[in-house]
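We call the chains A, B, C and D, going by the order they appear; numbering starts again at 1 in every chain.
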Amino acid sequence: MSDTTETAMPNIQLNLVGLSKNDYRGAQTTLCAGCGHNSISNQIIAAAYELNIVPEDVIKLSGIGCSSKSPAYFLNRSFGFNSLHGRMPSVATGAMFGDHTLKALAVSGDGDTTNIGMGQFKHIMRRNAPMVYIVENNGVYGLTKGQFSATAEMGLRLKYQGINHYFPVDVVQEAMASGATFVARSFAGDANQVKALIKAGLSHNGLAIIDIISPCVTFNNNDDSRHSYGWGREHQEPLHDFTYVPREQEIQLGEFPEGTTRQVEMHDGSTIVLKKLDRDYDPTSRAAAMRVIEESQDEEVLLTGLIYVDTERPSLTDIYELPQGRALNRMTDTELRPGKDMIEKANAMMF
Amino acid sequence: MSDTTETAMPNIQLNLVGLSKNDYRGAQTTLCAGCGHNSISNQIIAAAYELNIVPEDVIKLSGIGCSSKSPAYFLNRSFGFNSLHGRMPSVATGAMFGDHTLKALAVSGDGDTTNIGMGQFKHIMRRNAPMVYIVENNGVYGLTKGQFSATAEMGLRLKYQGINHYFPVDVVQEAMASGATFVARSFAGDANQVKALIKAGLSHNGLAIIDIISPCVTFNNNDDSRHSYGWGREHQEPLHDFTYVPREQEIQLGEFPEGTTRQVEMHDGSTIVLKKLDRDYDPTSRAAAMRVIEESQDEEVLLTGLIYVDTERPSLTDIYELPQGRALNRMTDTELRPGKDMIEKANAMMF
Amino acid sequence: MTTPQVKEAKTSQGKAVVNDFSMTVATMNGSGSQTSNVTLLRALFKMGIPVSGKNLFPSNIQGLPTWYTIRVSKDGYLARRETHEVVVAMNPDTFVADLASVAPGGAFFYGDHLKFEINRDDISVHSFPAKLLAKESGAPANLRDYVANMAYVGVLAHMLDIDMDKIREALEYHFDGKEKPIALNMGVIDAAFAWSTANLKKTDPYRVEPMDKTSGFIMADGNTAGALGAIFGGVQFVAWYPITPASSFAEAISQNISAFRDKEGQDGKTYAIVQAEDELAAIGMTVGAGWSGLRSVTSTSGPGISLMTEFAGLAYYAEIPVVVWDVQRVGPSTGLPTRTSQGDILSTHFLGHGDTQQILMIPGSAQECFEFGWRSFDISERMQTPVFVMSDLDLGMNQWMTKPFEYPDQPMDRGKILWEKDLEALKEPWMRYKDVDGDGVPYRTAPGNRAPQSAWFARGTGHDESAKYSERADHWEANMDRLVRKYQTASQYVPAPVLQTRAGAKIGVIAYGSADPAILEAGDYLAADGLATDYLRLRAVPFTDEVRDFIAAHDKTYVVEMNRDGQMHKLLLLEYPEMAAKLSSLVKYDGLPLSALWVKESLQAEEQK
Amino acid sequence: MTTPQVKEAKTSQGKAVVNDFSMTVATMNGSGSQTSNVTLLRALFKMGIPVSGKNLFPSNIQGLPTWYTIRVSKDGYLARRETHEVVVAMNPDTFVADLASVAPGGAFFYGDHLKFEINRDDISVHSFPAKLLAKESGAPANLRDYVANMAYVGVLAHMLDIDMDKIREALEYHFDGKEKPIALNMGVIDAAFAWSTANLKKTDPYRVEPMDKTSGFIMADGNTAGALGAIFGGVQFVAWYPITPASSFAEAISQNISAFRDKEGQDGKTYAIVQAEDELAAIGMTVGAGWSGLRSVTSTSGPGISLMTEFAGLAYYAEIPVVVWDVQRVGPSTGLPTRTSQGDILSTHFLGHGDTQQILMIPGSAQECFEFGWRSFDISERMQTPVFVMSDLDLGMNQWMTKPFEYPDQPMDRGKILWEKDLEALKEPWMRYKDVDGDGVPYRTAPGNRAPQSAWFARGTGHDESAKYSERADHWEANMDRLVRKYQTASQYVPAPVLQTRAGAKIGVIAYGSADPAILEAGDYLAADGLATDYLRLRAVPFTDEVRDFIAAHDKTYVVEMNRDGQMHKLLLLEYPEMAAKLSSLVKYDGLPLSALWVKESLQAEEQK
């Protein structure tokens, strides 16, 4: 939100790749004023700017919904694909093979991901496709005017929809079940945490699920709703204080006194520093992750932070043994078409 | 397997509803000899016979696959629907509203359920549709000749398929995440347990997931494969000894000495008696269930038994407040069409 | 400003145009303007003046330009017109274009918070203090932005002579008699009326006068009408997935079914409505319910139709009755989700791989939406096959003046379904897929039937007459041939076309659905220009004999439709290849409802070729 | 039994029928008989005799009846014949029918473990001790059941004069030179040959003789051919979901691509193959890859095509190149999964809601499968749109004698794709959807392009020429019009039809795909019967000018196809309504490959009407 004022500043700040924050923006948003999705777009802009990412090195993907519109509102200079409702994961999976040196950043909604998109959502996690997958989670279908999505809590009552009777989908629990290698949750009201998690996700080599409670101010923002600003502010319980330290920047030891922090080294050399809060949480333990998720459901808190990370498992494009640093979509005809002599071999295979 | 000999017996045994086991059979199987699915069909036949279910009181449903063919091979006298690949849950959901006094019994495969059908599988559990949902889980697509399904373990190597690189789907873990109210696992090689679980599932008012490791002898039965007879026999670890006690039959106290058993009373008045084995497992605790599932993954055992049950949550048809004991599909025209006078009201609603 | 004798000034103009113009209000969506717009529409309707209201809205929730057009037509023409004589501008983003859009001689009104240069002198221009009026009306601060739009209602009421009592009536209807919001809104309207009376001088000719041309009519949107029709059709199961412009069909069932179907002392509901996780599941549930003997319906739009393809083929082949309500919007792909189209005709008729011929029913008015709401069940159960009701965004979501809904003139037709006693009465053993009557339609049973041998196994794979699995070539062919017979039988059950004839007409026009008002109006203009045309409004595929006769009887027939490829023209070509030379295609596919002017001019242009 | 001078006895028969008959082996699937059958087929082919092999198999894995038919034709006719002169029965479940199916005068062989009454005396009947021979050959006990089928190879080799050296060659090919299985199987064959020589007496006239009619030919199945073609087309991305009869297309790519594309010293793979979770994901991945600049293909059959509908519309509208290989099987619905069909023509051409016209390419031989394997990428990238290659089960899974695969005669056509230097060279700013060349085909860029302004945002919603979101009516219409132009342009790129003419022919035949051999053969028969026909084999939709000319040039043209509704006939009617009266539809839709006899008789029957 404070971003908008920044642009008005006379001295435009350039980052290490010589770009100003403006170079990371997109078209004017057409979402409702106050929509959580807009705050997240702002943090995506900030994270990419601060990470010194060249926007052309990113592809952005989405499905259909208010949330899925938002890629039009950030990173104008990145290639983007606003695909079909619930089918972003498949499009993303294919797209990342075009040039696997690019970073993939995907935005989806709870309806897009957990209703119509449940299957593709689960399967892209199984494949550990290297991509940041942000779920802008508001418990409703914003764009079609406020019907329940699968993440709506049981018993939620909405004016025109009545009561939700079905067991809610917990995005992070699904991510754990499907072997996602980076599982985080945040709250659009907590801009700093959102930004830090997006940075960490962009540094991860594998699928990074970031489930962000992102209130729909138009259709689901009563204080007693689990996806409202009010409830989020009241019930947020961060697992840790979260600091992202880029590769370039050495960690100041004094800053994070011994024993009070944990560090996770990411694929690209950056480090995530987790400062203990109530408990000493180990985000590399599946069992711990499953336990806190289950507990947070019981205790009805909005548990946020980096819930799980596995920096070891090879990502989808690793498995496919693609050339180092060379894009498939730049291959020459000679590389792609077997030589003339090979036709003999093909015919000889037949009988 | 022993069933086949029974029919040859001169004195045909009739059950309480006056039917012989033959009345529960279906057409001749066309599955491979030795296929796990055939054993499961036999246990379905036995369970229904022993439970004194009238076959006409059951609808049977399936998707597409070898497994999904099997409803043709049991309960000939029941209505059945062999639907589309991966879409059985939706067909079942609609079908159970026709006559909600019937029992629904569905059979699917691991490919049908966890690949193409992942979305519908997850959503029918959220709705707690009253149905027994058996997943005949062999880690491959039998009917299309042995490709990996999503339940194949990472690293599995098959002759024509190479190596599976993706994180496997754990059916029972998915069931827990989606709020299934009856979650069990078994092994086609353990006929008694399969039968007892099917009986318990048929007594449950809600969605009963029974994940049965059911070896594909043609495409995935090497001893080191997680879905083989060999591996199952070696690694099966039952949570408890499982006894199903029908409503009619009083539990003999002596039979289950104090302290060594747990009892779960089912919706229809029957009781499940769980005899402790290594540990005292409480299948009504979500946390316990999540824990043993996670442990069994770590320890690479085939954990079987009733993993979780919640007998309280209303089922889908409960939520819809349907008439007690009267089927929607028997409603008369007068019940369905508003009276002549009501047309005024409709027009008055307009302006 | 002076305070002239406004009333006199207005009415004393010699060239007054009464009850014959279009007015458009330009606002932003999510700004609460819809209440103002339908209040105007209702008031005019209650004054007895034929009106239609069309909302042109963007595919987002808040803040983008939206236009609401009300056509006032003493002649009862309800199609979209391409000119707007009265324009109200409330949106800075479109102000310039809105100003430019006023027909010469027309009137332009705008909120005085919009500061733009007025560069036209061929129209009357008036500003009004919308925000001030909202404030002075005493509305609470948090609601002022919403009620500010009521200001133009008051101004227009005054400037166009709209009856203030009717406006109050309209508000009472809108707020269901709740006095608080009524008073709140009426407060602004009254203030604006008074302010207008005091400050504005009428210089344009457009005004209204009461007439009696709306008695015997109601106003309704097709989605609500269809929903009520389904309720009167005894709908038992609805599964749906939200999508514009179809959502309000299922939502209207949800919201209204209890009032019509829950009776005192009843032991439970007679229906169930499930919001599915997507369209694949929605149609799957509907197919499951149809199989189990329920009247079941799902509603969707193009993208959902695409996703329903595999199930459509299954239902066609396994012979399961289901109704699919397709409220068409502009495709291909996500397309223009808030624009109207008739673009799903071909793909829906052929929906499903392999040889499929799906039945389409095409309502042309809100009243017909009601009728097809119940009749589609009768046809679907009679034929044991899916029936696709092809509505569209314009018909489904806009307000249409229409004849009142009529109570079904036929008892419910549950088709050839056999229960225990029916089976007992049979002489021959029942076989699920046997063509006993020679009409291609077999007999079915439903789960719960306890008669011996009543159970059958539904499947999408080859089967014999007993529904047993079969890969035999002769079984397959015989079954497919029966399905052709069945489709032929369907033409006896689907609604026949509606004919409008003119003496001596040699030219025919075929159209369907929401094209109707534009065709009717264009027919008058063409006749006035000396070209008599007959008009056949299709209401179904398969076609009935009337269609053949119509084409045969005319030298040339234009098929007018709202898609690029002339989709119905194509289906007609396929059905009547021998008359191909007589058929011509006229298409418009810009997402806007057809206008009579376009129809007239395109047809004349073709005739002059 | 006596041991007559069998060799002499056979050849001395005056009425010997040499190289002109069909033989069918009836077994159970999963019993290992496929090795025996293709060994026979290969041996005959290697003897220089034209042959075709067709497998009629059930939709399960093990234990159900399966028939393999080998047609031996000195004239090079490769279509299915309706009579079988030589029948081998190995399956008790079908013994009676198999026996009945032998043409009078033919020969019937059966394993002597089958105990049935032989009720025919108009044929030669021989039993042989298959199990015993397997045992005596020394095969290990656990493999005996599998190799027992080799017994009939040996018996037939003897009784039909098949060259044993060629049989050995065939086995060597089959087992990739591995001596152990070769010896194992050859052992049984030798034993059976010897046994037959010793025990059987030839009394039927059917036998083979070497000729030289297969040199310059190979034998291939269309799926493998297409897969190799794709590999030569530089395929970079494959996403697929298993389905009969398409699986072997993607599997053949997987299994063979490394051998053709991995080069020494290469730093990584030039391709990726993903088994998707379903067809929605398969096409979605393919679309994503196509958008990102890769040559990408997915393969499927009817049910998968149905599920791909929404994505097909997106790719059409967003203009993403992808190739979809549809190996057609019998629909609607799950249908007959192991039977062949041409039933997806209409639904695939119109695939997607809204106005869509998809490009179809239709190979008619295995060689053409290879060619279309690479050419489909060229056309798809050139046109920036999906291309559907319409193969079928018969062409895709059966063994076809075909001309050798030819190295692509054109360099890869990557179409209008711009990289950094291309953009730099432009005079005007690049716009994604601008029709610069007037052919309807715009220029595109792909992710990874670092040039300023090279990025664009792909979407299925309305957009302007710059790919920016737009709901404007004029933008929509202009874009849709351009897509029509693009489709027209496509007719210059798709393969033209193949023509076969006969002097004085007034009757035309149009057919396509795997119907080819039956049409060619029927043409000879008709000519022999005095009816000269010309034949146009369609290879693509849109049609090219040759099609119009062909229809115009004939008094009457029969469109022969394997579906119920005459789907290609319908598309031709729509394209050439003015010639409707000249077009007639002949259809067969029982799941079996067309036979020349049926074509000939149906056409004659029509002509006599």
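The definition used in the following text is that a residue touches a chain if its C-beta (ideal position, glycine included) is under 8 Å from a C-beta of that chain, and two chains touch if they have at least 3 such contacts.
Bear in mind the structure is a predicted one, so any value in this text is a computation, not a measurement.
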item: Chain at maximum distance from chain B, centres defined as averaged CA atoms; value: C
item: Between B-C and A-C, the pair joined by more C-beta contacts; value: B-C
item: Distance from the mean Cα position of chain D to that of chain A, given in whole angstrom; value: 44
item: Distance from chain C to chain A - Cα centre to Cα centre, in angstrom; value: 40
item: Residues of chain D touching at least two other chains; value: 58-59, 277-278, 303, 310, 314, 333-334, 459-461
item: Per-residue multi-chain contacts in chain A, two or more chains; value: 84, 115-116, 118-119, 123, 127, 150
item: Residue ranges of chain A touching chain D (in the complex, touch as defined); value: 27, 54-56, 59, 61, 71-72, 76-84, 87, 89-99, 101-102, 119-120, 123, 127, 320-324, 326-331, 333, 335-338, 340, 342-343, 345-347, 349-351
item: Touch list for chain D against partner chain C, complex; value: 58-59, 302-303, 305-307, 309-310, 313-314, 316-318, 330-339, 341, 343-344, 346-348, 350-357, 459-462, 471, 473-474, 476-477, 480-481, 484, 563-565, 567, 570, 573-574, 577-578, 580-581, 583, 589-592
item: Contact set on chain A toward chain C in their complex; value: 30-33, 64, 66, 69, 84-86, 115-116, 118, 141-145, 147-148, 150, 160, 162, 218
item: In the complex, chain C residues that touch chain B; value: 42, 45-46, 170, 173, 218-220, 224-225, 228, 231-234, 236-237, 239, 256, 259-261, 266-272, 274, 276-278, 280-296, 310-311, 314, 370, 374, 404-408, 411-412, 414, 445-450, 452, 454-461, 468-469
item: Chain B contact footprint on chain A (complex, rising order); value: 115-119, 122-123, 125-128, 150, 165-170, 173-174, 177-179, 286-287, 290-291, 294, 298, 314, 319
